[in-house]
Every structure is written in C-alpha cells, then in structure tokens.
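One structure, pasted below without further comment.
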C-alpha cells in the first residue's frame, strides 16, 4: 500500500508531463531540459545539488517539488541525519508556515525508507 | 467522467461561495464585486485580461485561480497556441517551482478541449 | 460526517507530527516548542494572538495553518462577526489570490459551529 | 534627523498616492477605500486590527506596509511589550527570511518612540 | 533629472548583467536567452505578452521587473488607460500588499510619459 | 570604496540587531540562537549548509539574506564555479523573478573576491 504512494506520485507526474509535452513548443521544452541540466554532477556533487533543490522547494512550500527531490536525495544516498539537518535549515528559514510541507516531507521519506 | 472534473470544480466553488456569503459583511461583498469588475471588457479586451489573470495565478501558484481563469479563457476563445505562449511566460517568470500548477493547467485545459 | 472532517484534520496532524519527531533532533524540537510559546497569553491575549496567526496564515495561503488557528480561535470564543472582520483584513491584504483559502476558512468555521 | 525618517516616509507615500490617483479609474479608487474600511473600529478594536495588519505585512515582507502599520499601532497606543509579542509571532510564522524586515520594524519603532 | 531615473535604471541593469555574464556558464546563459524568447511576437502580440509580464511582476512584487516591463509596454504603445486596467487587475489579485510596487509603477510610468 | 559596501552591510546589520535585542524577550532570542545553530558543522558540512541557505534566500528573494550567506560561503572557501552552479539552481527554481537578486548576488560576490 505504501509502495503505491510513491509509485503513484511518479505515475501521475509522468502522465501530466505527457499532456504538457502534447501542447508544448520549443521554449517550454528548453526550460524542461534546463531544469534537468542544473542538477547534473559538476563542481558541486549531485547530492549537494539535490539537497539545495529540496530545501528551496520546502521554503517555497511546493509539495510535489519536495517529493521529487526526496526521491533524488534517496537515490543519492542521503542519510536520515543529513536529511534532518537539511530540512531543519528549511524550517528555520521558512518558519512555521512551512510545517505542513515539512511534515509531508518526513512522512514521504519514511515511506521511501520502508519500501526500498 | 472528465466532464465531472470541470463541473465538480464549479459546483464546489459555488457551494463554498454560498458559505462565504452567509458570513460576509459589506466589505467582503464589495471586494467580490470588484474582483468581477476588473476583468470586464474595457480598453483591454476581456480575453487579454483573462490571460493576465491566468498567468498571474500561475506564478502565484494558485490551482483554483488557474482553473477559474482557464474556464474564462476557454469561453473567450483562446486557442491552444495562445495558451501555450501565455503559460510559457508564466513558467519562465515563476521558474520550476510553478511546474506542478503548470502541469495541472495543461491537464485541465486538455479536459476542457475534450468536453466542449 | 462533518465531525469527521475536523477530527480527521487533528488525527492526521498528530500522526504526521509523530513521524517528524521520530526523525527530529534538538533544533527541530526547539522550534516546535517556540512555535507553541509565542501564542501563550501575555501582554496580548491568546485570542488576539490566534487572530494574528489566523490572518497571517491566510495571507500566506497555508490551508493547514488556517485550520489550526480556526480551531484555536473557536476555543478562545471568537464570534462570527470577529472572525469575519479578521478574515476581511486578510482578503484585502492578500487579494483575490487568497480566495480559495478564504472560502475554505469559512467552510471549516461553518463546520466547527455546527458540531460544537 | 530621526524625525525626518518618519515624516519622509509619510511625505513620499502621499506624493506617490497622488500620482496613482492621477491615473486611477473607479476600480482602483474603490480598492483604496476598501483598504481603509477594513481597519475601522468594529467588533474587533482598531488596535487589534492594526496588529493583524502589522504581522501580516511582516510575514509577507513588505517594508512600507510594516512602517504604515507601525505608525497606526503607535497611534493606537500599542506598548513595547505588545509590539514585541506581535512581531515574535511574525518571526516564528515567517522564519529567518523575515529578519531583515523584522530588524527594520524595531528600528522604525525605536525612532517613533524617541520622537513622539 | 527625471531622465536620469530611467536611464539610471537601464545603466545599472546593464552593468550588473555584465558581472553576471563574467561568472556565468552555459545554463545561466540559456536561461537568459529563454527569458528573451518568450516575449517575442507570436500568436499573442508582444504588447499582450509584456502586459502579462508586467502584471505577473506586480503581483510577485518585483520592483525591477515591473520597471523593465513598463519600459517594454511603453515601447509597445500601451496607453494610460490600458496600463491602468492592467495594473488594476494586479492590485485586485495581489491585494494591498502590492500597493508599494503599484505606486512605484505609476510613478515610473509618469516619468516615462514626461520624458519621451 | 568597494570595501565599504561589504563592511557597511555588516555594520548596518549589527546596529539593527542591537536595536532588536533592546526590545526582545526570550522567544525572539531563542529564535536567533536557533538560526545560528542550524548552520553548524554536522553530518552535512558548514559549506553545504551555507550553500543551502544561500539558494533558499535567493529563491525567496531576500537581498540581505543572500548577502549574509555569500559572506559565509566566501569564508567556507566556496569557489566561483561552485557558486555559479548553486545560483544557477536558484535561477531555474525561482525563475526570472529572482533575476534582480541574482544580479545583486554576483555583484556582491565580485566585490568579495576583489577585496579579500
């Protein structure tokens, strides 16, 4: 059941991206490709970049963006303690208004840890 | 089934507005009326105004507001290409953080096109 | 049925907070405790503080935060008229973009009044 | 010199509002009048309403709005302790990102107290 | 003197963009080019696109972005009445919190009209 | 002269923090101390944490916060290339609306590099 929550997120995301691509012209496609490129391994590690993306998404309170970067962080081997430290920064920067997304982040992470 | 998604949005919206009106005094009612008035045909066409409302709603990441203006844009005869150009501006202004609402916008538009 | 909507909110919130606490270190716990402390009765009444928290949550468009403070306002004896005046301020400050949360606020309040 | 800082704010604000009025049609004028009306004494006191306006302005990080409501709070007899409690709520809700406006708020308040 | 205010904005902007380019790699340059491309004449006119950019910038309260799009709107022949209608939409969507940028917008427009 | 720009930022910041402390009670002081604590070296390096703080500040468009974290990043030995990669992520996440702060960030960094 928990597995579905994560797979469901990815499937829904893919389905919607296909609809976007059906309507998109060159500019939107270029933005999508740029959005992939900035997280590539470089002078900063992919792991550091995903943590940056995660906390930025938290302070901007974007639930889908947080989930996306949690998946990436998980794949990059981020530990529970590293995650906690990163999200704590987001909580202090963003304040109590981010608590709902902050809670969802740990809940989603908890599911990721149980499944994989 | 898809029809329900759009009708459901309008019905839910109406139901909630009735609850608002039950509690509202003069000031809230004046704001609601002002919120209608600014989109009326004027020196700028209603279509242009609805596109402005749509992209502003996208960059502020308000799902309900985006859906509302998509309905209005549809009624004003906005084409797929015009919509794509408008939403592309919103994507570049608002960045990847707006992608979840950007996806929902195209998905809702896709339903509107299929039904009507 | 309506009762469930309010109890459901509280149960979900508690469940998620438990997951947060499972992962949290000292800093997150200190923030949570601080987040309680600032609403305590002081030179300003708890009621005034909860109204401040409510409207701030509305203008920042945080649905869960609005519901939380509506529960607190209800417990502090806020009347319908007081609530309407407070939310009207939030509507004027935040503009039409807050209308979806504004509607949800009155709907949730309406349930609170019916149940208790 | 400090006196100038507060008077300067008011003069600049008046000058700019005159330019706005030169271009404004009915809708903008109606909004301006509504923006006055919601802070009028009602079931909630003007003082409570100004505190709500102040903290909402702080969490939205609007320097001019904060200064405007600080002037109003000062005129309503808000004390240092009441102000501190209100701004502390804003700090916890909005997080460290509001600290620059938080600092400016106390600095402006400090000037108000010295002058008047 | 007023002339300086507009030229000063453009010069400062150019100077800073040169510093950005000194440090920028491919991704940043691609974003800058995309940021130009989305406002090009297409199915929607450049004028409509600039009005969309203007109001989106207003509701997001970005002073520099508002000024930039005001310059573009001016060059596209936007009239006072069209501008007023567009900014009124932004005021209603964004609420009183946008008033400081709203005032600055009209003031900057006023200078543009006097000079050119 | 350029030296002044950076020292001026620090001096102004210190002066304002002293005014804050003059009025602050326990809760505000606890938040300030928490705001220091979350950036301490831990499982994540201080450098990674400061980069997270920097990009979060950029996407939230807080000029003072960006400058503060740029100073910290500089002290942690962040290179030009690392900075560029981090800020590019912020640009893609936050969109063109962050460009004014993005420009200021590189300009401030440029001054830091010249002085030290």
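Order as written gives the chain letters A, B, C, D, E and F; numbering starts at 1 within each chain.
Assume a residue touches a chain if its C-beta (ideal position, glycine included) is under 8 Å from a C-beta of that chain, and two chains touch if they have at least 3 such contacts.
Given the structure is predicted, the values throughout are model-derived calculations rather than measurements.
Which one, C-E, A-E or A-B, has the same contacts as A-C for more than half of its contact pairs?
Looking at which residue pairs coincide with A-C, the repeat is A-B.
So which has more C-beta pairs touching, B-E or D-F?
It is B-E, judged by the count of C-beta pairs in contact.
Compute the distance, rounded to whole Å, between the mean C-alpha positions of chain C and chain D.
Going by mean C-alpha positions, chain C sits 23 Å from chain D.
Please tell me the distance, in whole Å, between the geometric centres of chain B and chain F computed from their C-alpha atoms.
37
Determine the centre-to-centre distance between chain E and chain F, using the mean Cα coordinates as centres, and give it in whole Å.
27
Could you say which residues in chain D touch two or more other chains, in rising order?
Each of 27, 31, 34-35, 38, 56-57, 59-60, 65, 81, 85, 88, 91-94, 96-97 in chain D touches at least two other chains.
Which residues, counting only chain F, touch chain E once they are in their complex?
61, 80-81, 83-85, 87-88, 91-92, 96-97, 99-100, 102-104, 106-107, 109-110
Which residues of chain A touch chain F in their complex?
The touching residues are 34-35, 38-39, 42-44, 48-49, 51-53, 55-57, 59-60, 65, 79, 81-82, 85-86, 88-90, 92-94.
How about chain D: which of its residues touch chain E in the complex?
That would be residues 13, 16-17, 19-20, 22-25, 27-28, 31, 35, 56-57, 60, 62-65 of chain D.
Using the touch rule from the top, collect the residues of chain F that touch chain C in their complex.
Touch residues, chain F against chain C: 27, 30-31, 34, 37-38.
Can you list the residues on chain D that touch chain A in the complex?
It is residues 59, 91-98 of chain D that touch chain A.
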